[in-house]
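Got a structure for you, questions after.
To keep things simple, chains are lettered A, B and C as they appear, and every chain counts its residues starting from 1.
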Amino acid sequence: MTPIDTAPRRRLADREGTLAWIFLMPSVIYILVLVAVPFVLAIGFALSDVTAGDPSFDWVGVRNFERVFEDPVFWRSLGNTFVFTLISMALIIVLGKVLANILVADFRGKWFVRFLVLLPWTTPVALSSISWLWMLDSIFSPIDWVLRQLGLLGGADALIKPDTNMYWLGEPGLAMASVIAVHVWRLTPLAAVIMVAGLVAIPRDLDEAARVDGAGYWRRMFEVTIPLVLPVAAVAALFGAIFTFTDMAVVDVLTNGGPNNATQVLTSWAFFRGIDGGDVGQGAAIALFLFPLLLAAAVAILRAVRRMEV
Amino acid sequence: MTIDVQPDTTAPAALPGAAEAARLRRSYRRRHVLARIGLYVGAILAAFLCAAPFLWSLITAFKQNRDLYNPANNPFLYNRPATSDHVLYLFERTTFTTFAWNTLWVGVLVVAITLLLGLPAAYALARLDRPWAGWFGVVIFLVYLVPPSLLFLSLSRLIVAVGLQDSTWSLVLIYPTITIPVSIWLLIGFLKAVPRDIEEQAMVDGYSRLAAFWRAVVPLTFPGIVAVVVFAFTLTASEFIYALAFVSPTTEKVISTGVPTELVRGDVFFWQSLQAATVLVAIPLAIVFNLFLDRFIAGFTQGAVKG
Amino acid sequence: MAVVEVRKLVKEFVGGVRAVDGIDLVTEEGEYLVLLGPSGCGKTTLLRMVAGLEQPTSGDVLIDGHLVSGLPPRARQVAMVFQSYALYPHKSVYGNIGFPLRAVRMPKDERDRRTRWAASLLDIDHLLDRKPRQLSGGERQRVALARALVRQPKVFLLDEPLSNLDAKLRTSARDELKRFQEEIGTTTIYVTHDQVEAMGLGDRIAVLAQGEVRQIGPPVEVYDEPADTFVATFIGSPPMNLVPRDDVLVGFRPEHLLPADVVTADDAVALKLAVDRVEYLSGDRHVYGTVLGIGEPTRVVARLPATVDAPVVAGEEQAFAVAGRRLRFFATDTGRRTPRVRLGAREQADQEAL
């Protein structure tokens, strides 16, 4: 009698544990090689004396950090980065929420409005920033032109100032405001889209129950809608803040950090030192400074979100 | 058990009488109308604020130099006849088309790599319940904490080491680090929306896990995959830092870095051509993104809100 | 306590779909009115129009004699319990119950008193600090009821609140609901598609189909004297048997179709049942077969209670009968109830043939 065959061996395509690993490994390895390794390398650079001219690797301990800290521009950049990030994020969250409410409602021409509203986000940042460069130009700015027509600029009795132009990118305070404004302009659509997802996830029942319970529009907004969107908004804010904290595109194109480092942020400063200036060690030290801050902020916000979860 | 039905002595509020009801009705109708007006005003204002620069770019692209470089002229009208010279200049005398072409094939390849690596990974995390799946989500997130601005220094060394310096291919290599984490996150959301029954049915019907994934699940997630494709492409086309750091030769550049550097020679800005370039790139991207916006939101709802 | 009245209420949706097609309805004070019907019949739309969550295309809604059409829900003094209960997940049970009182800006101590009163009425005082996600289905229903109760509305509106509970819980929850309403005495309108629920809960049942009220009346009336074939077949499980005969449909309920020697009424109508299959269900026997002799041969069901142990064998033709006064007649074309038809000569001839 021929022996009965034992159960067929499971094909590779069925072994879930192995399959899971196979599916995940490529991404993991890729990220490891191209993110984790350079990260460690960056730490290494920060502790070395590598420059573009002298690529030999010598340990110098924390000397780079010392030199970086001695440079007042570094501290200016740090302060600017915080100001830039905090103000931008505050505006982005509030405006994004308002825009999300608009996008959720039903009205004629909604598709077209959506298209227009997406333009700032989907356009490559370099290009949109260049458009703004002209719009904020010291001589030819269309905004200034409009203000002149309205009598707010130019002439002795102008409301804002007698000059013919605002010097949006020339005056330190205005330059920072301009950079913030363009950045907010760019990111608000994305924040709005994320918050639409949050709004849409709220069951319709809840809003109706609140209506029947007697709550008016504002009470419903503040006691039902916003608390339920808060976790999503917080995550969006976190990603936005991290992105803003490490972004330099707008600054680079509009002001290049000027005037006089008034809009210099950590990333642009790191770029300036590391690539333009060729001092890789210092560049890395500056950029690396960001990481612990980001980590702390991220952990804090994630904890808060976890507690908010319903 | 006797129940105290009345909690206290205050009588409950009364329904409005006829006259008061009529007044209330008018007041509610008025509020409703005002709310609608407010909505339209808000929508128009938002659309204007977001799109005005592009509208203005569109106008400017066709302006003559003497029209443009006159601060007294109305920037929104053609004070001199419109000209297509500058737009043509963009196509004929600059490497704009090369930039556009580069951006396109880099985008396509990066998206392909993203899907190739990301889709299976997302499936593994969404479906094959491994106990370490939750941790992975955190790790993915941590990747974003390490920003390009920190990595570009070491990465530029790496690029040189593999001999890809000054080549567009370096971008193809590096960009997926930006697109993969968020794509995995979004794809997990889309995959979770597919009921388990589908794969289980396929497996009962005789397919292996792998085949069930490919034949049954992927087709159902297709709209979500498209949304992720669009999003990843947008990210790629917009990326600035790596493109600036790794690629110098003009013919290798993408739009993001090429346009600013090509059309800005020293202090001279070829404004009209720049605006034309901006508009030409912005509009298709926004249209495509808009087409898939609903899908994108659905995926976000699944992944971010419930995940 | 109030009376809800709808007059010629119509709701038409985009695309011409008439969810509610000209309904006139008046509740009685303090009654428990059930709106019963299959999905899509308009019952939920009707409820939402009474609540003010939908505006009617035409027609009026009156609560307690006051015209409330055009007014939003909060001006109507109604309370609603949703199918999902719609508890605010981020608020505690205390916060959920107290929310309607905050909306009318009641002072804090009175709010507190009322909230605790409502909670104690529903036996959930011990849950006041919990969040909804920590509660069971039955507990959530009670919180939803407490929240509805706390404002002392004129009308309770309930939208299939038992559908989310599992079957075992449903019966006890149903019992609780009924006792609760009897104690409180507020007029209640209750929507469901489950006819067992409707029969158990309602003082009156309004059977709806395709946006119209087919019949309204106490459960006994709706069961025994259905106004048309829809009501006859929707109510009752298994549904009423309908046998075509000339231009009427002869109807009789399964429990009235019994073996001939069991039916002792003198107006009994004899017929033959070709038995196909017998099912045993909790003591009753369900007999499936084809009936002959009363009209066209039709598949019917007979429900024999446990007390009847006359043998029934599958595959055989047996003598069955229905008491004459249990027969109901419906016009074939409209489905509406018609007066009794004399089964006359045909009947005699059939009887002789048997």
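The rule we apply is simple: contacts are C-beta pairs under 8 Å (C-beta built on N, C-alpha and C of every residue); 3 or more make two chains touch, one makes a residue touch a chain.
All of these numbers come straight from a predicted model, not from anything done at the bench.
Asker: Tell me which has more C-beta contacts between its two chains, A-B or A-C.
Answerer: A-B
Asker: Let me spell it out: compute each chain's centre from its C-alpha atoms, then which one is farthest from chain B's centre?
Answerer: The chain farthest from chain B, judged by C-alpha centres, is C.
Asker: Just by CA atoms, which chain is the most central one?
Answerer: B
Asker: Using mean CA coordinates as chain centres, what's the gap between chain B and chain C in Å?
Answerer: 50
Asker: If you average the CA atoms of chain A and of chain B, how many Å lie between those two points?
Answerer: The answer is 13 Å.
Asker: Between chain A and chain C, what is the separation of their C-alpha centroids in Å?
Answerer: Computed value for the inter-centroid distance: 56 Å.
Asker: List, in ascending order, every residue of chain C touching at least 2 other chains.
Answerer: 72, 104, 151
Asker: Applying the document's contact rule, which stretches of chain C touch chain A when the two form their complex?
Answerer: Chain C reaches chain A through residues 51-53, 72-74, 78-80, 82-84, 86, 88-90, 99-100, 102-104, 131-133, 147, 151.
Asker: Considering the complex alone, what residue numbers of chain B touch chain C?
Answerer: Residues of chain B touching chain C: 3-5, 7-8, 10, 12-18, 21, 24-25, 28-29.
Asker: Enumerate the contact residues on chain C facing chain B in the complex.
Answerer: The touching residues are 2, 63-64, 66-68, 70-72, 75-77, 104, 110, 113-114, 117-118, 121, 151-154, 183-185.
Asker: In the complex, go through chain B and note every residue touching chain A.
Answerer: Chain B residues touching chain A: 35-36, 39-40, 42-44, 46-51, 53-54, 56-57, 60, 68-69, 71, 74-76, 116-118, 120-121, 123-125, 128, 130, 136, 141, 143-158, 173-174, 176-177, 180-181, 184, 208-211, 234, 237-241, 244-245, 255-257, 259-260, 269, 271, 274-275, 277-278, 281-283, 285-287, 289-290, 293, 296-298, 300-301, 304-306.
Asker: Spell out the part of chain A that touches chain B in their complex, as residue ranges.
Answerer: It is residues 11, 13-14, 16-17, 19-24, 26-28, 30-31, 34-35, 37-39, 41-42, 44-45, 98-99, 102, 105, 107, 109-128, 130-135, 139-140, 142, 144-145, 164, 185, 188-189, 193-194, 196-198, 200-201, 217, 231-232, 235, 239, 242-243, 245-249, 252-253, 266-267, 270-271, 274-275, 280, 283-284, 287-288, 290-291, 294-295, 298 of chain A that touch chain B.
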